[in-house]
Amino acid sequence: MKYFLKKAGFMAFTVFAVCALTFFLMNVIPGGTAELILKHTLIGLEESATEEQLIQFSSRYNLDDPLYLQFFSWVKEAVLRGDMGTSYVYKKPVIYLLALRLPATVQLAGASMALAIVVGVSLGIYSALQENRISDHILRIITLFGVSMPGFWVALILILIFSLKLKLVPVSGYGNLENMLLPAAALSLHSIASIMRVTRTSMLETLGQEYIRFAKAKGLPVWKIISRHALKNAMLPVITVIGFQTGSLLGGAVVIEKIFAWPGIGGLLVDSISARDLPVVQGCVLAIVTMYLLVHFLVDMLYTHLDPRIRYG
Amino acid sequence: MSLLEVKDLSVEFPSGENTVKAVSHVSFEIREGETFGIIGESGSGKSVIGLSLLRLLPANAKVSGRVFFQGQDLLSLKPSELRKIRGKKISLMPQNPAGALNPVLKNGLQIEEVFEGNRDEKKEGMKKALELMKQLFLRDPEKLCTLYPHQLSGGMRQRLTACISLSFEPEILVADEPTKGLDPEAKAGAVDVFTKIKTEYKKTMLLITHDLDLAFEVCDRIAVMYAGEIVELDQASKVLSTPLHPYTKGLIQAHPRNGLVPLSGQSPSRIKLPEGCLFHERCRYSDVECSIKHPEIKYYNGGLIRCHFLSLK
Amino acid sequence: MKNKNSPLFIILIILLTCSFLLASGCSSTEENDTKEAVSGTEITSGSDAKGSSEASTLVLGEMWEIDSINTLAGGGTLICEKAAITETLVGANDDFSLKPGLANSWEQLDENTWEFKLRDDVSFHDGSKMTVKEVKLTLEKIIEANPKVASMLKIDTIEEVDEYTLKIKTKEINPILPGILHYPDTAILSPSSFDGSGEFVKPIGTGPYKFESFDERTRILTVVRNENWWGGKVGLAKMVLKGIPDPNTRAMSIENGEVDFTVDVPYSETDRIGALDGIIVEKYKTPRVYKLDVNLKHDPLGDLRVRQAMSYAIDRHDIAEHVLYNVGEAAAGPFLPTMVWANKSLSPYTRDLEKANELLTAAGWVDTDGDGIRDKGGKPLKLNMMTYSARPGLPPMAEAITAQLKEAGIGVELEIMEVGSINDRRKKGDWNLYLAAYNIAMVPDPEYILTNWYMTDGSDNQPGYSNPKVDSLITEARKITDLKERYKKFSDVEAIVYEEQPMIIIAYYGCAIVKKDYVKGYVFDPTAHDYRINAGMYIEK
Amino acid sequence: MDNSFADKLRKKSFLLPEAYGNEVVKKVFQRKDMLFALLALFFFVGLALFAPLISPYDPNAINLKNKNLNPSEEHLLGTDYLGRDLLSRILIGAQTSLSIATGVVLISLFLGTAAGCVAGYYGGIVDESISRLIDIFLSFPGVIFALTILGALGSGVFNLMLALSIVHWAKYARLMRGQVLSIKKKEFILSAITSGAGDFYIIRKHIVPNAIATLLVLATIDFGHVILSIATLSFLGIGLPADVPEWGAMLSSGKEFMRTAPFQTIFPGLAITLIVVIFSILGDGMRDILDPNHEGGEIY
């Protein structure tokens, strides 16, 4: 219990620090928050705002207060009332925007992760069992290239092949399963390859262990040896990697969401950064970091669950 | 009557462009009800013999020769048939019980999985196994089954693996270095366990060890191995009290009880075996002949010995 | 175990993995629930937004993300021009001269007083009649919400003369008032667009299409035919507007048949897509120019000869043809030649490296050290150029201009930045050249642009251009109510800045309309900001 | 990589007690994949070094009438959307890409090693605060972080390097800290301390040399990641200006022409993929050789 409290404390601190970092970073970006937001909302990118507009806008959102005051009032509102502010651009509460957009990202990242785990682990096991045979080599070469290709390039190539040539799935959109297939595949490719490689190594390492030999000596059938004895042990390093992959998935989602016009939080974040929609940026970063930390926490839990040798007091 | 007959067994491991000759041309037989010991230094190839009987060596090992068990050649059995023998008719008691128990599975499961079939058969088997555990000086076996291997002491783990190996009542028990890495107290306990197995259960055993005390207590006949070859084979009492081969003599003198006189020199490279007797470089009695001609194994005084008999002159 | 190699074995492994995952409790199955939970956020006033592919539903791939449907907060252009939900009091002809809209006629009674006569046959989508009351309310809302529009309108008071007559008093003389009332942000809304506390809820206008729903998650806007439109029959039963900000995705979407109508696919793709079966590409000019601002305060750029040389070094025709793929055209002055007030005697600078060389040499810039860059007094002629990537034509155009200037011996370092950073640099004066695409007819009148760009204190006069003659011409023109006279003065201004090149106009902005061949009756409106959907467009399969 | 398991078996095997030596070079030559990757790397680096000499055209000279050409004798890899020679741009681009990646890896290696050393060596409050900092940087998705920093600094080669280094150093710091913690327990550190050596001396003479192998493995693999990050940032429109020949920027500005003139994405894309593949192979190989006990996933 004490362990979890400590862990929760660390997580809260990290979230706070990341928010603070974002806030000050966003404020050192040149360009004048008020003017840019006006450009993105009322007057158009190339037009210039009037002095009057700027003053009106700045005073409405207290943009002239010292930074630390702005930040602390944000934190106060967020902590005390769960109010993360109102978007300058959308004129909606940030919470509301997050509630709108977060599910799409969670869906996309969740589907990609599930895909990455199922495909990556299966291929990794297969590859390990086929060690040094031709299918192992082919798989490993494919995944090597899989991790080495720029994500957006892969996504575009996938669209060209599966949407335009084969007409299997739509180019963009949101809502149906078929809309999700391509983005999820593109997003998970990198993770599939990483997970496969780790699974393979770890599986090989596990298969060389003495308890596997003993299991064989017990006369257990192959599938039982793999499922009961090898898999659980081999999964331990894989789980760590899955945790780290979450981060790269969330980062990659920014690009994939842009290409597929996926209404997720990544695209919202990028747009908000360029529009200086600070409350939304803060909200998105908060959500992303929290998700990341939560997944790591879950990974930790899973690890303890799988490995009885680790027990937290 | 011989229960298991090993004929001209050789094992090689490819290593880069070379091959390592782990075991060369070993032949022996194990009679029903007897305890047959194989002793030798680490690296003499004795463990490889034990593993090759059940075909548990890594896939890259090249095994030649015959191993007859109840009229079947184990080395050419189909995997499915082999599975019926492993753990049921011939079982392995692995060296390093710490490694042979799967760290992420509960002890109970690791015992239970030996029994295949329906639930009743399993229950029946478990009952027997629990009984056996009590017999083998394990207190509170039910509780033990709910623990994980890392929660047991070294001696307990050793007895647990013994129990797993014995619980299906195999016809032959292959014990591979059962006392390796145990503290003196646990070692003494192991001797008790094996004496019990031998006297009460009347098991046929192949005991592979470098622990001369254990071998002396338990074994009926003993084979001494050096550099992959059997150099001496005879009644245990004869081998250990009046050794004939100079290597056996050295081995016994190196024993702490006998004044810890170490054998000088090192085992020869197994990639390029030296000419002549493999032991001649370290042999006190070696002669010109020894460095030219490889000695054949010969009957001598009721036993077998591989030496030019220089030591006897 | 090593000799099992069958596909069955692989399937077994996959199954094992799946079951393992399930057993480990590693699931992402709550997704479906969350999706259900949020779909309640959809604002719906009619039936469900999920449009089936019925015959006269058109799916439109809009070029910007649909962020807002609030016409008072940035949604004006979309709601008025692209969704055709609202309409303005004043319309415009193709030559940018004004024509009646919701107002039948207007008249300048004296310097500061205007009278507008409204149509009496217009009703809102909620069934209520449009009268001066609603118009007044809308205008007041806009003035309150949008200081920029307010500062252009300069409205002092709005009076209801009778049910369909409106009297507007301005704070100072404002000859462009009717022109500003053409601006989509001033489109007329029904009071029922707002809730009790005056907050905007959804757009209810007078246009050919009615707002049906806006899904805030997917940001898809759906509009349906207004059966009672005062302008007559409306072509489409339903229109679905989807924001697809990436030009590539727009191209692939129409190719894949996911949208029926879209704009601005990558310019390089226009010819290829136009050649495809069933897709038609039309290229038009829009009221926007690619313009290279020159910082006159930066040493060599204050020299007229250097600016002219630069203008001669740029090959506008090549750029229009090869960078813009003819989605756009080489430009002379700030106004499209089709605009009624444009100075039609001007023609684009044509490339003339020799002339550029003469001018630069005369200004003292010669390449003495043979590195390809001219220098003077040991200082090389090196400039920086800023641009941004939000408009796809800009970065490659900037690259082309950079290379072309280099051929004339002018070294340019290109920086593609965020608009924010560019603003900052421009404020600090830390810049030489700035390539941007400016709207030239937010108001269909030359005064607005010429004032902002070329007057000494003009709000967009970043180059720091100051010419007393230009200032006085513009000030004089403001007071002239006779259009011809007015336009004459402005033409003179155009001629002066054409000569002095404080801003190097490169090309007119283009728009590529890409539609399926069954989309009929589309008429391009050159006065629209990007494009306008006309009521007459229909589908015929 | 192919033989890694066999290698491991042999290393662990009781049959070859002393066969595992420190002959790294020999090991590299035994592995065909690493040898191949090394040769390819030398080839790329050679191309980058001699790019100005061997590139057939000025990489920035445009020729609008010759735009979007397919490969031909005149332009071996074709031309891009402004008629610039793709081969020349890829050659010069190798210079930019490789030097940016080298810069980023060196900066973050240095920063990370320093921070990790201090944290691991001194422990206590210093360790606690540096570890928190590392956590913060690691829990922030890199792309988004770089996006924000580049937004603040503006684009350009130097700023890009800086932004990516700020994103990447934490990985090194965490690894280094772990290494220091495990090395600190070794006897030779204790004996060095008892013999009165100074902290800096111990760090420099004992800790860094023992940890550097692991860090170099990470650096090698990271090299490829940096090149991919540059491409991603270019895609989001804030990497490098398109007139700087750099593979990621070329790939992302060529994406509009994927249908009409595919070669301007194919070649830079292939170049990126190949160089990342090379560094992955080298990194994996080095890990097997230098760091045989390493468990699979830690690095990612």
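To keep things simple, chains are lettered A, B, C and D as they appear, and every chain counts its residues starting from 1.
The rule is short, and it goes like this: contacts are C-beta pairs under 8 Å (C-beta built on N, C-alpha and C of every residue); 3 or more make two chains touch, one makes a residue touch a chain.
Only a predicted model underlies this, so the values are computations on that prediction, with no experimental measurement involved.
Novice: Quick one: which chain's Cα centre is the longest way from chain A's?
Specialist: Chain B.
Novice: Closest chain to the protein CA centroid?
Specialist: That would be A.
Novice: Using the touch rule from the top, work out which pair, C-D or A-D, shares more C-beta pairs.
Specialist: Spelling it out, more C-beta pairs touch across A-D than across the other pair.
Novice: Which whole number of Å gives the spacing of the CA centres of chain C and chain D?
Specialist: Computed from C-alpha means, the inter-chain centre distance equals 42 Å.
Novice: At what distance in angstrom does the C-alpha mean of chain D lie from that of chain A?
Specialist: Chain A and chain D have C-alpha centres separated by 22 Å.
Novice: Would you kindly tell me how far, in whole Å, the mean C-alpha position of chain C lies from that of chain A?
Specialist: 34
Novice: Which integer distance in Å separates the CA centroid of chain A from that of chain B?
Specialist: 53
Novice: Return the residues of chain C touching two or more other chains; collapse runs of consecutive numbers into ranges.
Specialist: Counting only residues that touch two or more other chains, chain C contributes 1-2, 248, 418, 420-421.
Novice: Residues touching two or more other chains, restricted to chain B: which are they?
Specialist: Only 58 qualify.
Novice: Two or more other chains touching the same residue: where does that happen in chain D?
Specialist: 9, 151, 154, 255, 258-259, in rising order.
Novice: For the complex, give me every residue of chain C touching chain A.
Specialist: 1-2, 4-5, 10, 12-14, 16-18, 20-21, 24-26, 28, 31, 34-35, 38, 41, 65, 67-68, 70, 73-74, 146-148, 151, 216-219, 242-246, 248-249, 252-253, 255-256, 258, 388, 390, 418-425, 427, 436-439, 442, 452, 459-460
Novice: Taking the complex as given, what residues does chain A use to touch chain B?
Specialist: Touch list, chain A to chain B: 208-211, 213-221, 224, 228-229, 232-233, 306-309.
Novice: Write out the stretch or stretches of chain B touching chain A in their complex.
Specialist: Residues 51, 54, 56, 58, 83-88, 91-92, 94-96, 99-105, 109, 113-114, 148, 150, 161, 164 of chain B touch chain A in their complex.
Novice: Taking the complex as given, what residues does chain D use to touch chain A?
Specialist: Contacts found on chain D: 1-5, 8-9, 12, 132, 135-136, 138-144, 147-149, 151-152, 154, 224, 228, 231-232, 235-236, 248, 251-252, 255, 258-259, 265, 269, 272-274, 276-277, 280-281, 295-298, 300.
Novice: Using the touch definition up top, name the residues of chain A that touch chain D in the complex.
Specialist: Chain A reaches chain D through residues 10, 13-14, 17-18, 21-22, 25-26, 28-30, 131-132, 137, 140, 144-145, 147-153, 156, 160, 194, 197-198, 201-202, 204-205, 208, 237-238, 240-241, 244-245, 247-248, 250-252, 254-255, 258, 269-270, 273-274, 285, 288-289, 292-293, 296.
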